[in-house]
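Same chain, two partners: chain A is paired with chain B first, then with chain C.
So, the complex of A and B:
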């Protein structure tokens, strides 16, 4: 696999460097990603979503079938149990405002800059079995947590499972409203589906993309441009999917960039903070999006493994770089 | 002919038109109707319509003014007023007097509509907080004409943004038709 860098940039900015020690460390840790473990976690999460109770869609004033097949309880419990088993102090971040949300937050304290936080996050609620959306993202976050649990970085790493992304970015908006904002954030939503056939990829309106849906979109705002560039520096020639970067101008938020804001990085962008979003572009590629057919068997394991490697490289780089 | 001379020749009619009228001044009172909308990533205003009135002072090609827009009160916009100042340029080509201006204002018309009450509104509320009260806009009147003591303008357009988070919340304001009296 190769790394390509297509950057739709609007404002100039000097790239942030990455020292060789950080690069070497990030690449070495990324090589330890266990692809089998990641896909197994996707299967487990998907099964648990199917077995879980569903949210009361009538209380959410929706008659959409998908909203009546939304679950979050067992996946939340799994995230909490897994992070706890890694020795991390796990906190449940609850809000009683309708609809009730409970995010899962765990922090790995930094060694030399503990007050600076780098966040890695994925939403754990899902429609139906939700393999790509978003068990793939949750599994990648758990794998990065496993790799880092016994080797803290210079900065604190915050692992966050967001609740109720699917019905309006609810958990992440509440998290951003109540917590200190991270120095850098990486958010996953749908990172496991790939298709190499020409024509398999639809373009995000206003953002031309390749015809084949075999790239991982790395979507940043101007605030996170430096972190996107650091990732591309470290991921060059590594075993990761083709990376396609889109950097939205300014905060990134606005009526013209709505299609770039459809996940939990959006509240951070709205607050003018740095956040990078990994995605396979969801419904612009995956025909199973928000359908009962979004199952683990439809995912591309090497693609998901590579996306997890890229994530590990990003977090180690942002967490350790001077 | 060097490139600079070509540029000057192209610009000459505009320069003459601007400078030839620089020796006099006039006032005008203008009134008209407008419709406006404000949009963020996932929210937009329900759309507001109303009336506006403005005072304009023109000296030569330079135009300054103050104005007030009024709409109906709603839950989204409980104080449906907007005050603005404009500074810009016009050019007189016979009866045709287009206007390009920079508008700065304070607005109570930029509220965003929230989704139905049972739906989660957290993100929309966060967007709404960014609308703020102050805005900046570019104002164009490409269909503006004068005849004797009167001016008529149609489809004047403001494109602007809230100053609380420039670029995040955009506003469009269409001045449907306005008429003015000069003295």
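So, the complex of A and C:
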């Protein structure tokens, strides 16, 4: 019994290796990230949010002004159109339960392990123009989809646009409740804002973050710790922002790590699954968080480009590694 | 375990035969909170544990503590050390110890890599100012502990508080 326990612990604790072929491939694909295309997509999405119809905040029973400036229709249509144009089979995952949600899901079938799924996801609903939150994440997901569309990986890659993250992770919760869980997941929420000034990054007690807000937070739970370590191995010395990893204990759902669960990876963590979350830490850095000033020209294009590169490396590594 | 019980009985009996007012072994239960804060790891929580104390004489003692804390995941906490206590009804204790935390923690990458899952080790000094002999038991409240901690990547402070501790002699 003790031997079995030690073996399980050893297997669970051992970092997952990355072979050199996968590392080389991941880095090469990441170099193809087109930063101009990514920021252009952010601008398009932001403009569309401003022009979009807003959700009925009275029906959402909220007195917050921001909730009366929440939109999702045109951004959903853009995600759907772009994934379709890449030749992917797009599925709308709808729920009529209040509040009504429609996630966008497309899968790129794996070549040798099609039953194992690696998910890349971002929520497409946004307050006001929502450049950082979360057009930046949506644009990064679309760029990774563009890079992979014609070169499938060993595992199936699922591209997912989540609906209504902002009012309580509604779309992602429904997705996790109804779909087979991925082997690995990468979720974006706010990945385009950077500030190198000392003091620009705030934090919480027990979170020893740097003073300058110029790092990309890579947040995992114990289940995804090996995948975080794989990403660090592959991204070493590459053109990506400084990566700061935070790994929460267990499935990540402890009472003192609640601030790490504020986006669409949380339903996966609560289900005991692996998920890694990329973020610029949102309101702990970005003064425009959930305000009308969250516009594309406040973002740092090289930072967003680098974050997208890191995402491409992560997905290729997790999708192809033995 | 039998040997320990026999030893406890013999030592306690010996101490009693010498007419001293203390017992060699005491076993206590305590509720506590503790946190270790290094640049690579935050580990802490609240919980409780047990402490076994061996008195060398009226003032000097050795102790071993085992506890379980919950908050950032859950982890086991072990401490071995020793200290000096005042005799009499008011029995303040000053102690030092080596601490080991094993289990859940919030880990942070430092210079591009996460710390290994090795235990967190620490050196601590503790002060139990509100510690009293009540009959044969010793009751202590708000014991404070401070020191340094490491997970072999970085070093940071370690803080702890024992809210209440009650211990009683083993054996006669």
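We adopt the following convention: the second predicted complex is superposed on the first by the 308 of 322 C-alpha atoms of A that agree within 3 Å, B and C clash if a C-alpha of one lies under 4 Å from a C-alpha of the other, contacts with A are read in each partner's own complex, and residues count from 1 in each chain.
Keep in mind that, in the parts below, a contact is a pair of C-beta atoms (placed from the backbone, for glycine too) under 8 Å apart; a residue touches a chain by one contact, two chains touch by 3 or more.
What you are looking at is a predicted structure, and each value in this text was computed from that prediction instead of being measured.
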Chain B versus chain C as contact partner of A:152, first or second or both or neither: neither
Touching partner for A:245 - first (chain B), second (chain C), both, neither: second
Partner chain(s) touched by A:169 [first = chain B, second = chain C, both, neither]: first
Contacts of A:225 with chain B and chain C, given as first, second, both or neither: second
Touch count on chain A, higher of chain B and chain C: B
First (chain B), second (chain C), both or neither touched by A:254: both
First, second, both or neither for A:272, with chain B first and chain C second: first
Which superposed partner A:236 touches (first chain B, second chain C, both, neither): second
Partner chain in contact with A:208 - chain B first, chain C second, else both or neither: second
Shared contact residues on chain A - chain B and chain C: 249-250, 254-257
In the complex with chain B, residue positions of chain A that touch it: 59-62, 97-99, 164, 167-170, 173-174, 176-177, 249-251, 253-258, 261, 266-267, 270-272
Residues of chain C that touch chain A when the two form their complex: 35, 37-39, 42, 44-45, 71-74, 103-109, 112-114, 117
Footprint of chain C on chain A - complex, ascending: 13, 206-208, 218, 222, 225, 228-229, 232, 236, 243-250, 254-257
Complex contacts: residues of chain B adjacent to chain A: 39-42, 44, 115-124, 126-127, 130, 165-170
